[in-house]
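Chain nomenclature is as follows: A, B, C, D, E and F, assigned in order of appearance, with residue numbering initiated at 1 for each chain independently.
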Amino acid sequence: MKIVMAVIKPFKLEEVRDALTALGVHGMTVTEVKGYGRQKGHTEIYRGAEYAVSFLPKIKLEVAVDGPLVDKVVEAISAAARTGQIGDGKIFVSSIERAVRIRTGERDRDAL
Amino acid sequence: MKIVMAVIKPFKLEEVRDALTALGVHGMTVTEVKGYGRQKGHTEIYRGAEYAVSFLPKIKLEVAVDGPLVDKVVEAISAAARTGQIGDGKIFVSSIERAVRIRTGERDRDAL
Amino acid sequence: MKIVMAVIKPFKLEEVRDALTALGVHGMTVTEVKGYGRQKGHTEIYRGAEYAVSFLPKIKLEVAVDGPLVDKVVEAISAAARTGQIGDGKIFVSSIERAVRIRTGERDRDAL
Amino acid sequence: MKLSSLFPRFCLAASALALSALPALAQAAAAAPPVPNKGDTAWMLVATALVMLMTIPGLALFYGGLVRTKNMLSMLSQVFAIVCIVSLIWVTFGYSMAFTNGGSLNDFVGGFGKVFLKGIDPNSVAATFSNGVYIPEYAFVVFQMTFACITPALIVGAFAERMKFSALILFTVLWVIFIYIPIAHMVWYWGGPDAFGDAAKAVVAAGTDAAKKAAAEAKLAEVTADAGLIYKWGALDFAGGTVVHINAGIAGLVGCFLLGKRVGYGKELMAPHSLTLTMVGAAMLWVGWFGFNAGSNLEANGVAALAMVNTFVAAAAAAVAWLFAEWAAKGKPSLLGMVSGAVAGLVAVTPASGFGGPMGCLVLGLVAGVLCYFFCTTVKNALKYDDSLDVFGIHCVAGILGALATGILVSTSLGGVGIPDYTSKPGELAVADYVFATAVWVQIKAVLLTLVWSGIGSLVLFKIVDAVVGLRVTHEQEREGLDIAEHGERSYNY
Amino acid sequence: MKLSSLFPRFCLAASALALSALPALAQAAAAAPPVPNKGDTAWMLVATALVMLMTIPGLALFYGGLVRTKNMLSMLSQVFAIVCIVSLIWVTFGYSMAFTNGGSLNDFVGGFGKVFLKGIDPNSVAATFSNGVYIPEYAFVVFQMTFACITPALIVGAFAERMKFSALILFTVLWVIFIYIPIAHMVWYWGGPDAFGDAAKAVVAAGTDAAKKAAAEAKLAEVTADAGLIYKWGALDFAGGTVVHINAGIAGLVGCFLLGKRVGYGKELMAPHSLTLTMVGAAMLWVGWFGFNAGSNLEANGVAALAMVNTFVAAAAAAVAWLFAEWAAKGKPSLLGMVSGAVAGLVAVTPASGFGGPMGCLVLGLVAGVLCYFFCTTVKNALKYDDSLDVFGIHCVAGILGALATGILVSTSLGGVGIPDYTSKPGELAVADYVFATAVWVQIKAVLLTLVWSGIGSLVLFKIVDAVVGLRVTHEQEREGLDIAEHGERSYNY
Amino acid sequence: MKLSSLFPRFCLAASALALSALPALAQAAAAAPPVPNKGDTAWMLVATALVMLMTIPGLALFYGGLVRTKNMLSMLSQVFAIVCIVSLIWVTFGYSMAFTNGGSLNDFVGGFGKVFLKGIDPNSVAATFSNGVYIPEYAFVVFQMTFACITPALIVGAFAERMKFSALILFTVLWVIFIYIPIAHMVWYWGGPDAFGDAAKAVVAAGTDAAKKAAAEAKLAEVTADAGLIYKWGALDFAGGTVVHINAGIAGLVGCFLLGKRVGYGKELMAPHSLTLTMVGAAMLWVGWFGFNAGSNLEANGVAALAMVNTFVAAAAAAVAWLFAEWAAKGKPSLLGMVSGAVAGLVAVTPASGFGGPMGCLVLGLVAGVLCYFFCTTVKNALKYDDSLDVFGIHCVAGILGALATGILVSTSLGGVGIPDYTSKPGELAVADYVFATAVWVQIKAVLLTLVWSGIGSLVLFKIVDAVVGLRVTHEQEREGLDIAEHGERSYNY
């Protein structure tokens, strides 16, 4: 099993979710994060003080999927999250050794 | 070493923490996340506009533990977090190659 | 490729970011988290009710880096995040199998 | 001789008259109807706006800040809905039932002579506490309306975070009709100073003519009799210690016992979601309370100014008392403690605000702060009931303290203004002799009757509501939070 | 005979006079200038502060809570900036253009006789609706100023979250000059009751002397003529239903059509970022509205108290109506529905507040609540325009309802105070006969003229602004949020 | 001849009299004590409530929104605690020390004749600025009390986020006693207009009778002498530019220098945690300021209305000035800039509000906005001191500007009301000749004395407090935030 972690632009979340459900992936966990990268931030000024804000709001998506599905999932996410502008984000895939559904105790692929 | 990531219902956090400390696990990092899955959400209505909210508040728990402890930890979390209702959450285990305690520079099992 | 996850004290974020950019690492994702560990929390009292708060605000940092860079990155983070007091935090390293830059579809090291 | 022998009775009656926070209407405003002074009218309109500010957003924020995020919106909804519904009850029949003569039931409740505000127009006037001084009756109606609105809203804090919205609405309607209106009538309904002055003058004028005198005395007796029960006892309540605070406080206690504790109470962290908003609410309560207390004087004069000074001083003293008491006991001075103290002081000074002197009220505030701190912490924890926002611990406790203290602080020897007497010097306001025992005893009686009426009455009403719609939401709904479960909305979407 | 034949004309004229929310100035305040009653002055100063509270923070929070976090600060900035800029326009030339004689253009707009408040000093007075009653002109200037400030601020809700700040500033300046000031002049500029009383007295005094009478009648005609157009028609608008609400509501509708929908409208979740703040704003609007409506009486008397009762009752009734309508239709009672209803009720009662009776206004409130609920949900969704905060659905719709209802509720047979008549009994305020058709027809005409003037005028102004600076921000800026894109600040940094 | 030669002296003395924002008490209110006008009383009660609203929640939110989340609660606690503690000082001995004759020290401070408000009852009256016009002394006491409460609360912004709560409490107590009360006495203590009128009449009445005249002149001299020092100089301060703003501003500057910069200042992001709350606070400050300035007139008349117009206009002008200045300099119009400007304008107009004309105050506002923008950005950054919330940059700078401008704008030639003169036409209020140099020079002297007294005095007090309890929290506590470290509470638990 793999876990796909994607960092995307906040307003793309709905589209990505739809793309994933279309693939039959019915579970994910999202986190509000701040991202730093090529996309340039902005400046804020409060009375005299100027602050260069380089951390931008992003959404982090974590989806555990069964091995075979990974390519489709990565594809779907990047297609749905793409705007073509700097800051679209990244997708990282790593493997997980075990998965458990707390409610039932089911394990691994049954747990997803 | 492994890192155990669990997504649970918010009000279960205290119980889970107690279960873990009972096992001698004295460190963890928690994040407020939103989860999408089988558990159905609710509808919100603001004047004319109806919104189906399918992302529900969850707590994500990350615990780095020494290999041998993993089974106990997974067991403890699922026992403590279980309510038997849909939405209890998941536990994912993956391995980490290195751990460092910033304060001291200690590594791996000493770092936990 | 590896992903370095570090939990640090919030006010150290800027210093750590600077240390990383100095290494040529120009991307990272940060999350506001709460940490539980050796560092003791505090007590809050609201009228009669006393609450022992043991989860303290921390910042979680995730940086995907190319293998060879890992040691430098870990070094840089721990150097920049260290205060020497309990609660400085941890660094965990695990490997990722794939990375994608959504905007361009570039993969792996090109994606970082 | 006969006459003199009458005086004690008069004085007692008289003392009864001045005491309510609110006068009755100038019935039979003879040939030339009295014209209100525009300064008084302006003040009453402002006082009304201030009491409204005190309720929404004031009280709603004070309470709302103390609940958890997931229940914030339900708290705001409950307070707002209560204001809307009660005001409609008030203008349709509530005002009439509180402030008209109730015939055979007049001791306890008024009648239907003014339902739908029948017979009131822009020229109608209501009496004040000064002979010959009147205000537009509409101003009196709307000022009183705000009191009827805030009282049931005070109750909801006791069982916050778990009551059904539908149950709350139903309970509010019943409670206002069967508890608030009767108590308000009992404490505040009377004939106004001129009715007494004229009747008493007539007795004097009658001189030796037995027939005339008999008639005059009969008339005076009648006038004296046309008032609410507690009123006639002579209890002092300048701005509503019994009618508003004790009344709401005890109802809240009954409610939180019946609904039971919140899920997770004692185990989970139930920290206030925004002490910032609680502080804002407390500040608005304080500001609004100036209208509540000084407005209850119904006139813009030196006594209104005194009530304002007293209100300010008592709140400040109680805040400081709670702050330092907690600082000493727990090691830290808390904002929540300070603002809770301020509210306790405001409650305590309410019945005394127009009767006591500034120094007396300062001491009253200090006592209120420490006493309520003790109740909201030690006592509550010992008794283990879940009065979510300490409605009992602050409003009922400080309300009782204030009601009793009023009987003491009114004494001129303690810097008070003294017990008013409208009959011994017909047509002007004299001061009746102060007898400690009498003064305090009537206060105790008033407190007890209020506690019993509201306590038992509320119990019955809660039972009825429970039977009809059920009082409490399900545990799942409580876990999810009332905002989404009951209202389908979220307070914040940051 | 001739005289009597004149009366109808007078009455009609007369009715015209009393109707505006605001009187004109006592020109030619003879030898001894009238001295204002301090109670009235105190009330007007307070009413002014209340209307200010209603705008900032009231309206700013009501609107701000409804937008998304990223646009909160822009909403607050827009309302605050409008208040500042409009008040400067007002004291420099706006007041003069609204409340002086505009010569040949007098039907539509005033003149420049009082630019920079020329000629006004602490002793200058302005007339009220009662013969012989005056208030300091400065009090009238500043009270009116708050009305000029809040009206354009109401508009911004319609195209919230997408308009350029620079465009908004420019639009506001133009709109106040070309739309608000003329409408205010047309509806509210007149000579004051004494001007009529004196002129009418002269006619009577002239007796049979033809020459004298001719002169007197000429004078009376002149006085009658020296008023705004809608004024002369005889439309009733106690506190600004046409001038403020219909005026702003239609301008908002035009604006949201021109700017187009927000990016993601209909697709993305655009939930209010803080219903807590929206409720606080609504509560402050309610409290402030007491000053807005009761203050429009310009006197602290029984009618002001009536206006306060009506304002309170209509708001409560509308809130309850919307609450239950939504509860029935959607299954849940919402806070947003309740507070929206309250505002709808406040808008509806604005023109009627000093003319109708409490029960009439209660019914008006109920109707307003249901009607606006229907517009802000069903109708809006059907027509698919993006009036972000329902400026049209609440202010324009309830404003029109209220304007028409005023023509009905004023009838004494419905508990109203009746249409005032200053001439048939020169020197005192009489009640003119009520003719349903006439009364309602003038209201309809007033509403139509306002809709046309403001609708077409605003369209033109938006086009001009669009040509000069462009109305809307880029999509990227809209995505990022106006706070950072336009103001370089963030509302919250938790 | 002799007499005329006296006049200049009188006029100067006279000018001194009218200038304070607050009159003294009608001592020796002969046989029939004057009865206050209820309109004035109503207005003063409302003005008091408005100033309270301005402090809590107004000022607390304005400041609180500007600090970081972790220090929000400490900011609210500091302001709230100051209000409570100072009000207790005020009623016990503060009022007496400020507004009674201090015997040999009378130039600098009052005495103990009215400790515990001894001798004041609902019938006691205080003089205003008009001959024969009085208000209830209790109203004067409580209105003044709000001024004493808000002044030290203004200071805390300068060293926000780092001072110990215990140190702040101690400092506040000392500062009010040794700095505020003396300055208030020096600027505002005088005998009231009638004292002068009567004395001056006596001089005239004395006619040629040398003995009589000598006595009368002696009496007049005595009356003239019974006032505070700055008062006698003849400085004009309508509502507290020196006593409140310069006084607090300079104390704040001294404080922030002594406490040093916040940990991380200049390096870390210290963005305001909620500009939303800051805007709400600013709006409430604005609304409350109407009571602060117009209330300082002590009467509900045309001058109060003028003060309200001026307050409104100056705030709006300054907000617009700062907005556009920043827009031009930084490329973006900010909300924080706009509200900061509004506050700067309110501060600047405070001493001038009842003396200048609307246009003069409009210009004053424009200057204040630009000047304070310059100070809070360029100057502050250049001098590198950490005045957290710009107490100096706004209150002291705009306060000084306003104080000096008052000496200019009061001139009738600039639309001002002119310098009052109670003696040349005994019994009525005349206007003294305006001499630019004299008028401005007394203003400069008043500003300098205030700066020196408060600057040096505060320095000493801070040193004492530092020695006793220490001024600043530890770095760890500062990192954690004062809310948890000092109060054991959290502002928000979302």
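The rule is short, and it goes like this: contacts are C-beta pairs under 8 Å (C-beta built on N, C-alpha and C of every residue); 3 or more make two chains touch, one makes a residue touch a chain.
Computed from a predicted structure; not experimentally measured.
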item	value
Chains contacting each of chain C and chain E, listed by label	A, B, D, F
Chains in simultaneous contact with chain A and chain E	B, F
Pair exhibiting more inter-chain C-beta contacts, B-E or C-F	B-E
Distance from chain F to chain E - Cα centre to Cα centre, in angstrom	36
Rounded Å distance, chain B centre to chain D centre (Cα mean)	51
Chain centre separation (chain B, chain F; CA means) in Å	57
Per-residue multi-chain contacts in chain F, two or more chains	37-40, 42-43, 46, 269, 271-272, 330, 332, 334, 336, 488-490, 492, 494
Residues of chain A engaged with two or more neighbouring chains	31, 44-46, 94-95
Set of all touching chain pairs, with the criterion as stated earlier	A-B, A-C, A-E, A-F, B-C, B-D, B-E, C-D, C-F, D-E, D-F, E-F
Contact footprint of chain E on chain F as seen in their complex	37-40, 42-43, 46, 50, 68-69, 269, 271-276, 279-280, 283-284, 286-287, 290-291, 294, 299-306, 308-309, 312-313, 315-317, 319-320, 323, 330-336, 338-339, 342, 357-359, 362, 417, 492, 494
In the complex with chain A, residue positions of chain E that touch it	264, 267-268, 479-480, 484, 488-490
Touching residues (chain side chain C, partner chain A) in the complex	3, 17, 26-31, 64, 94-103, 105, 111-112
Interface residues, chain C side, partner chain D - complex	44-49, 51, 53
Footprint of chain F on chain E - complex, ascending	36-46, 48-49, 52-53, 56-57, 60-61, 64, 72-73, 76-77, 80-81, 83-85, 87-88, 91-92, 116-117, 121-124, 136-139, 141-142, 145, 165, 277, 486-494
